[in-house]
Amino acid sequence: MSLSDVLSLLRISLHAMVPIVLTAVGEIIGETAGLFNIGLEGILLLSAFAGALAAESGGAVIGLLTGMGTGAIIGFIFSVINTYWKGTQMVTGIGINLFAMGFVAFGLIQLGAPGFRDVSRAAELAKWRTPIGAMSPMIIVALVLPFLIFWFLRRTRAGLILKAAGEMPEAADVAGINVNRVRLIASVFGGMLAGLGGAYMSVAWMGLVTKDLSAGRGFISLACVVFSGLNPLLALLGGFIFGFFQGLAEWVKTLPAKPIPAQFVSMLPYIVTLLVVSGVIGRVRFPKSLGKPYIRE
Amino acid sequence: MRERPPIGSTRLLRGVYRTLTGLHPALESVLAAVVGLLIGALLMYIWGFNPWKAYIALLKGAYGGSYEISSSLSRATPLILTALTFSICLRAGMFNIGAEGQMYMGAVASVCVALFVLPPGVGQILGLVFAATAGALWSLVPAFLKLTRGVNEVISTIMFNWISKWLALYVTIFLLADPARSEKTLSIPVAARFPVLVRGTDLSYTLFVSIAFALVIYFVLWHTTFGYEIRAAGLNPTAARYGGINSKRTIFLAFVLGGVSAGLAGATIVMGLRPTYAIYGGGGMPQLLNMGFDGMAVAMVGRNHPIGILIAALFFGGLSAGGRVMQFYGSNPVPLEMVRIVMGAIVLAMSIPELIRIFPAAKKQGQEFVGLMRRLSRRGPKEEEA
Amino acid sequence: MEILKVLSRNVDLLILDEPTSVLTPLEVDELFDLLEQLREEGKSIILITHKLKEVQSVTDRIVVLRHSEMVGNVKTEQATTERLARLMVGDVFEQEADAVELTDQELPTKEKRRAVDHSRDGVLHVEHLLVRGNTGDVAVKDLSFDVHGGEIFEIAGVEGNGQSELVELLTGLRVPASGSATINGANILGVSPRRIYRLGVAHIPEDRWELGLVLPFTLAENAILGVHQWEQFKGPLSFLRRGRINQHVRELMDRFDIQATGPNAPAKSLSGGNQQKLIVGRELTKDPAIIVASQPTRGLDVGAAHYIRQTLIEMRNNGRAILLVSADLDEVLALSDRVAIMYEGRFMTMCDPQSLSRERIGLLMGGVKEAEAIA
């Protein structure tokens, strides 16, 4: 394996890490407040699609913002259903996924591109030239954000309120916190981050939209959240690890002589995720009322 | 006033009242379906289609004739089984999202029947057995991980879905490939296929496999001690423990049973679907794709009850079959992906409990009706005389 | 910590619910100093407690609640310990006939029981039990006692003094730090609930919704919980014998006067009293050697409570051992053959209830020991 290969691998890994880290950190915020959103996959798809469309007409930054907006809207819907309307979070998440799969496939067809659609050069977020190769500036965002969110969750009053809403909403309610509103904001914000991750995929990284673009990344992000124990810094690490294996899979495909069949390489990220999730040492502590709507008695 | 036993007409009314309140969950499903269809119509309208025409095409394509109904039933067949996977595990208190992956493994396992030469009858049974075993094995590991290491089964089953997909593709392309046409596996030999039920359609006897399994699950859950323990453990694990139920063992077995169901789903597709009776590798195994996830939607709409699932599967199968017709119908046909959008919207609507609450008028009507029924069923002959 | 959190906010009214249960005596003193400070600042403080000493040391006014009614409202300086105790246990003193007391008709008839041989070990034999609670603190301190067949042994006391932990221990949901407990000689510590039931222990749980019933299940399904593997209910291929089950449930409904629309009524549609009767009926089906009944009449209407008490007496007369845990004083006097008053994990006394005056019982429940009590 030559140096250029290693650098290439590094570059791919860093890129692959971004959507996972962004989505995972967003979900950490949501889960800290007590909401378990399995619909991340759907958010990624929809925001990738919406972001690409918007970028076509308004440029890359608009595309990214649109993606964030899409994610925020879905986050809003999710939390309204599951806080104010006391819904079942699992079912809502699955519904979002199904809906997104259909919507993106449908939308692509409507735009005359049944399989995939290229995002034109002009609309892509320009990559920076670095010694390693073309790198997207979003990587910086993905590297810095976990630290910001870590500080937010652990050191600010708002972060504490979030934790209270997730850990024991009854106590938070008694202390005067509007639990549903807190969860709403958390979900919107989390959705926004996932939306950014999705738009990144189409606008800033791969430059195309397919109906399968997310390829399970939403679920890998969930696994990353479990791995991180709701610690954004560990989520960064986890995201990099997963990104690395995805990068590895990509890299192996480019090899002329394939030592391992492509399918097994493709399996790697998921196997690694599984091992990590099963092998986590020590009990990962989730907020006590994760997944349950708060009903005031 | 002395207690009077109900006689004659009041007893009938009592029965009707009980059935209607028992159907309350079904009403919720119907309402969710309506909401989903409405959302689909709205989207169609926005995108410039005629929703009315589209839905008529859909309806015709789903139930318009014997060919159409057979199509719907054919699509419903695997959905029934993957829905049961989700529901059995849900009743035990677990979320098994892995029907998709377990189904792939089942499909691959049943294709292996093509490696043998078997007398008619044996091939079908063997295929089912292989598939059931494969599905069970694939669900075993997540169950085990959950019970020993507390691994969240949602994540583990999803990961296994993806691993299964790639594994199935590998086996399809490399191990079981048809030498003549490499994009598909070997075909199930004629003797081992499930014969077609309605000539000229897709529908084969595998439908009976699905229905039979659903009925079996019904009996197991409500009429055996095993099913009793599953339901108890799912509803109140603490009380179940007090009642001497070994929750861990029960949940584990329920999970495996779910895997069996998904594996069988794979078998029904491979062994019953014309014209090739094989798995196509290209495009990510299109015949199998998403059957697992759609099955979850069916399970939810069917309220996780085998009978409800049968009905919901027919509905979703109809959506799918109808979609295929809808996409060719008229001057501006709606692509069939709209069907998935509608499915997603229905599930979203289902996640809101007491959807009726959102429609206060409907709720009031419902309550009044219930009150009327109640009064009617309590009246004794004395009041009727008066 | 909790207290700090609350105090850090600027509040005018402070409500403290049993604040000292997890504090050391030193911390209690500090707390009370703090409360007095707050009082000087003009804040209002409501202190909820069952500990008579606390009440007297730091309060200005005392309100006594019994059976959800206020039975006394006195100035602390005028309230002696005895007076408080009497109010707590229901001597009609400060109020008129509003105070709830069991009339003679409501008292279950206490027939002459057979003499119980106390020299031998009881059905349940407990030695030197030490149990830790959820917070890690010791909830049960060095308890030893026996419960014999044909007697009702009651553990009385205000809730939260270790009774729940003790019951959890005896029914298989908790492990002790040390000590031993046996049923007819067989160890029941660290053993699964299933095994304990096989050894002859039946349990009427404190929390019938959490532990006793599966609410969405029907009456019939709940009635066989725990006995569903019996041959009379389970046929070939594990099929449930619906016919026999329904018959059994009807018998239970008859015998215990359970009001419901039928064996297929969902358990949650029953009133609390009927639910409890269902549980009692079910437990009795197991033909147990000992019945552990934890707050069995809590939340029940007078009729249902009376019925349950009557049933317990009947069971005692049939030779079964009954361990009754109750915070209801009337039950102590009316039902038990022997009583142990539990306070902060220990037995204050263990004796025949007839030898204690109501007042004395109240004092003991409040933690006041022999020396200060009147004869």
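Order of writing sets the labels: A, B and C. Residues in every chain begin at 1.
In this section, contacts are C-beta pairs under 8 Å (C-beta built on N, C-alpha and C of every residue); 3 or more make two chains touch, one makes a residue touch a chain.
Computed from a predicted structure; not experimentally measured.
J.: Among line, ring, star, complete and other, which best matches the way these chains touch?
T.: Contact pattern: an open line, chains touching in sequence.
J.: Contact counts by the stated rule: is the higher one at B-C or A-B?
T.: Of the two interfaces, B-C and A-B, more C-beta pairs touch across A-B.
J.: As a quick test, compute the distance in whole Å between the mean CA positions of chain A and chain C.
T.: 51
J.: How many Å are there between the centre of chain B and the centre of chain C, using C-alpha atoms for each centre?
T.: Centre separation, chain B to chain C: 47 Å.
J.: Between chain A and chain B, what is the separation of their C-alpha centroids in Å?
T.: Roughly 29 Å separates the two chain centres.
J.: Touching residues of chain B toward chain A in the complex: what are they?
T.: 43, 47, 95, 97, 145, 149-152, 154-156, 158-160, 162-163, 166-167, 169-170, 173-174, 290, 293-294, 296-297, 300, 335, 337-353, 357-358
J.: What residues on chain B touch chain C, complex-wise?
T.: For chain B paired with chain C, touching residues are 219, 223-226, 228-229, 231-232, 235-236, 238-246.
J.: Which of the residues in chain C end up touching chain B in this complex?
T.: 171, 173, 192-194, 197, 203, 205, 210-217, 221, 225-226, 228-229, 234, 237-240, 242
J.: Which residues of chain A touch chain B once you look at their complex with the stated criterion?
T.: Against chain B, chain A makes touches at 38, 81-82, 85-92, 94-103, 105-106, 109-110, 216, 219, 222-223, 226, 261, 263-264, 266-267, 270-271, 273-274, 277-278, 283.
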